[in-house]
Amino acid sequence: MKSETIVNKKIAEEKKTITDANHNGNGTPKTEDGSAALVHENKDNQELIHSHITVKNLNVFFGNNHVLKDINISIPDKKITAIIGPSGCGKTTLLKSFNRLLDSTNGTKVTGQVLVDNEDVYDPKTEITHIRKKMGFLSQRPFPLPMSIYDNVAYGPKIHGLRKRKKLDEIVEHYLKSACLWDEVKDRLHTPATRLSIGQQQRLCLARGLAVEPLIILGDEPTSALDPVSSQRIEELFNSLKDSYTIAIVTHILRQAKRIADYVVFVYMGEIIEHGPAKQVFESPKEKLTEEYISGIIS
Amino acid sequence: MINRNLEESIFKILMKGASILIVGSLFLIVITILVKGLSAFNLDMLTKIPNGGFYIGKEGGVLNAIVGSLLIAGGASVIALIVSIPIVLFINLYINNKSALGNTIRLGYDILFGIPSIIYGAFGFTIMVYFGLKTSLLGGIITVALLVIPIMVCTMDEIIKTVPGELHEAAFSLGTTRLETSRLVLRQIYPGLITAVLLSFARGIGDAASVLFTAGYSDNIPFALDQPAATLPLAIFFQLGSPVQEVQDRAYAAALILTIVVLLISIIARISSKIFSKNIV
Amino acid sequence: MMRLLKDKIASKVMMLLTAIFVLVAVFIGYGLYMRSRPLLAKRSLWELITSEGWKPFKGEFGFFPFIMGTVWITVLSILIAMPLCLLTSIYLSEYSHKSIRQIARPLIDLLAGIPSVIYGIWGVIIVVPLIEKFIIPYSTEFSTGYNVLAGGIVLAIMIFPLIINIVTDVFNTIPQELRDASLSLGATKWETVKHVILKKALPGIIAATVLAISRAFGETIAVLMVCGNIPETPKSLLSPAYPLPALIANNFGEMLSIPLYDSALLFAALLLFLIIFIFNAVSKLILMNIERKTT
C-alpha cells in the first residue's frame, strides 16, 4: 500500500514537470491542450485528419507467432507520436512495419495494409524504395555506414541520383547543421564515421536520414544506447524538428514519452490498447491496462 | 529508377546462375563417378585382391585398398582422438580460453590445419627414413594421424565451446578438480566427439598425398604394421594411368566406393552433430 | 590429496601434449630446412627460384617453371572461383529464402568433403575431354587437354566451399540494422549490398581469398592428374604446367640415388610450407580481428 502511494506521488510530480516543460519547453509557444483537443474531437472519424501513415487491419506473424494483432491507427502529422509498451510487446515491429523493414527478416508474414500517403506499403506493385525515402529511420544503436562522415550523409542523395559535387556539399552541410553536428565535424568530414562518439554517431544517423528529405522520422528507441547528455540533445532535436516532420518513436522510457510526446500509442501483447493525445492518455487513461502500465503496476 | 532496378535484376540472374553452377558441380561430380563407377563395378571389386599385379593384371578387385584404407584411416582416427582430447580440454579448461596463450595455440592449430597433406607426407617420409622405417601401414597411420589431429582438435574445440560456461563454473564451485570436470564435459559433448571422429575419418580415408610416400602400395592385404598397405585414393590414382581397360575400371570402381563411403560418413556426421546441438541447451 | 595430485599430473601431461602439438609446425619447418641445406649450400636461393633448367641428373635445379606452374593454376582458380562464390554467397545470405539456404549450405559442405583424388578423376573424365573437344581445335598452339586451364577449373571447384563458408559467415556477422539503415534511406537491396555489405565484408573477403590461395597452392593430387606435368614455364592457359606439389608427389621417395635430388624436392616442400604458412597466418589474423570487433 505504502509503495503505491509513493508511486502515485512520483507520477504527480512528473506530471507537474511535464506541464512545466510544455509551457516553457523549447520556446515554441504551443497550446498543447488546444491542439490535443482538436485531435481528440476528430478521433472518431480519423479519415478527416490528414495523416501520412495509416495502418489498417495489420497483422504480423513471425512463423507461428502472432506478433501484431489487428492494428488500426493513424499517426498524426507534424507531431511527435510515442509508441509505448513493455518490451517484447511488438512496438518495434509496428514501427518497422511502416517502411517494410520487416521483410528482411525471415519467415515473416504480413496481412492488412499500411498506407503511406495512400500507397499501400505491402502491395507488391509498390515501389518500396520511394516510400522508404519518405521516412528517416533511427535505430536503437547508431549504425553509421562503413564510409566517411560526408559520404554517410551524401549516401541517400547519391543513391537517388544526385551527382553534382557542389549540391552534395550544400546538402551535407545543411543537414549536419540540422542535426547540430556540423560544428563538431566540419574539419574532419572525410574521416570514417565510426570514429565519432556514439552520441555524435546517432546525430549523424539523423542527418543521414534527413538528407533524403523525408516527411516522417521513425525512431526505434533512438536514445537507449546513449548517455544522458546525448539523449537530451536528441530529444531537443526532435522537439525542434516536429514543426516540419511527422515523428514516431518507440520508447520504453515512460518519462521520455511524457517529456516529448504529443500523441501516445500504447501497445500491449501485440495489440493497441489505447491511443490518444499524450495529456489524455497520461492523465486520464480510458483503459485499465494503460493505467496500470503508466502507474508502473505492469511493465 | 529503371537503371537501378535493371542492375539489380541482372545481378540477381547472375547470382542464381552462380549458385546453380556451384551446387550443380557437386551433382555433376557425384553423377559422373556414379555412372563411370557403376558400369565398372562388380562384386569381385569388394571381395578380391588384384590378380596379376595392380597395374597390369586384368582380374580381381580392390579389396587390398579397401582394407588398407580402413586400417589407416581408422588407426589414425584412434590415435588422433587420444591425442586431441587432452589438448582440447587443456585449451578450454586449464587455461583462460581468451588469453593470449589460448589464441596462440589456436593460431598454431589453424596453421597446422592449413598445411597441405603433401607436406605431411614428405615430412613423414623424412622422419621414417631417419628412424629407419620402411613404407608401411604404421608409417601411413602416423602420417595420416598428423594430418587429422588439427581437424579433430578444431572440430572438438568448436563443440566444447557450445557447452555453457556455467557448467564448468558450477562443477568447480562444488569443489571438483579440473580433471573431474573434464569427465563431466566429455560426457556432455559425447555425440560431438563422434562427429569429430567421423569427419577426421572421412578426411583421412580420402587423402592421397599423405600416404603416397609413407604407406607404400601392395597387392596384398596387410596383416602387420610393418607391411606396406594399398589405399583407395592411391588405387584410383595409380590404376587410372594404366593402359589396360580392366585396370582403369578398377580405378573407377574404387572411386565409386571411396565417394560413397566419404559422402555417407559426412552425412552421418552432419546428422549426429544435429542431434548433438539439440541436446545442448 | 590424491585427487589434487592426479589433477596436477594430468595438467602437466596435457600442457606437454599441447606444446608438442603446436610445435609440430615448427618441427616440420625446421626438418624441411635441414634437409634442404645440402642444396642451399651449393646454390643461392635466388638462383634456385629464378633459373629455368631442371636436369637433376646434371645437378641443374631451376624451380622457376614449377613456381610459375603453381602461380598460373592458383591465380586462374581464384579468378574463376572468387566471382562465382561472391555471387553465390550474396545470394544465399541476402536474397534467397531460408529454405533454399538450408538445402544449399549442407550440399556445399558435402562438396568440401569429397576427396581430392575424386576431383582429379572427374577432371580426367569430364574437364580434359571437354577442353580437347571445344577449345584446343580453336587454338594455334599445339596442346593437349591436360593444361593450366584444366587444373584451374578443377581447383576452382575444390575451393568453392571454403570461400563460400567464410564469406557467408562474414556476411552473417554484419548487423541487420546496418542493412536497415541503408534500406530505410530508399536504397534498393542491391545498392545496399554493393555500397554497404561488400564494403563492410571486405576484410573477410580478403581473408577468404588469401586462405583460398594457400589451399590452392598446396593442392596436389587433383591438379597433378589434369595439369600435364611438363617442367616448362607455362605461356598460356593451354600450356601444360608442373606445380610444386606435383613435382614432389611424382618424384619423392624414389630417386634418392641422385645427389641433391632428395634435397631439392624437400626444398620444394619448404617453399610450399613457407608460402602457405604466411598466407594462412595472414588470413587467420584478419579473421580473428573481425571476430574481436564483432563480439
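Per-chain residue numbering starts at 1, and chain names A, B and C are given in the order in which the chains are listed.
As a convention for this text, a contact is a pair of C-beta atoms (placed from the backbone, for glycine too) under 8 Å apart; a residue touches a chain by one contact, two chains touch by 3 or more.
Quick caveat: nothing in here was measured; it's all calculated off a predicted structure.
Visitor: Would you identify the chain whose Cα-based centre sits farthest away from the centre of chain A?
Guide: Looking at centroid distances, B is the chain farthest away.
Visitor: For the chain pair with the highest number of C-beta contact pairs, give its two chain identifiers.
Guide: B-C
Visitor: In angstrom, rounded to a whole number, how far apart do the mean CA points of chain A and chain C lie?
Guide: 50
Visitor: Can you work out the whole-Å distance between the CA centroids of chain B and chain C?
Guide: Each chain reduced to its C-alpha mean, chain B and chain C end up 17 Å apart.
Visitor: Counting only Cα atoms for the centres, state how far chain A is from chain B in Å.
Guide: 55
Visitor: Enumerate the residues of chain C that touch no fewer than two other chains.
Guide: Within chain C, residues 188, 191 contact more than one other chain.
Visitor: Residues of chain B touching 2+ other chains?
Guide: Correct list: 4.
Visitor: At least two partner chains per residue is the criterion; list those residues in chain A.
Guide: 129-130
Visitor: Using the touch definition up top, name the residues of chain B that touch chain C in the complex.
Guide: Against chain C, the touching part of chain B is residues 4-5, 7-8, 11-12, 14-19, 21-23, 25-26, 28-30, 32-33, 36, 83, 86-87, 89-91, 94, 103-105, 107-112, 114-123, 125-127, 135, 146, 149, 153, 177-180, 182, 202-203, 205-209, 212-213, 233, 236-237, 240, 251-252, 255, 258-259, 262-263, 266-267, 270.
Visitor: Which residues of chain A touch chain C in their complex?
Guide: Listed in rising order, the residues are 96, 99, 101, 104-107, 129-130, 132-133, 135-137, 139-141, 143, 145-147, 155-156, 159-160, 205, 208-209, 212, 218.
Visitor: Quick one: in the complex, what on chain C touches chain A?
Guide: For this pair, the touching residues of chain C are 97-98, 175-188, 191, 195-196, 199-200.
Visitor: Which of the residues in chain C end up touching chain B in this complex?
Guide: 3-4, 6-7, 10-11, 13-15, 17-18, 21-22, 24-25, 28, 31-32, 35, 83-85, 87-88, 90-92, 95-96, 104, 106-111, 113-122, 124-126, 157, 160, 164, 188-191, 211, 214-215, 217-221, 225, 245, 248-249, 252-253, 265-266, 269, 272-273, 276-277, 279-281, 284-285, 288
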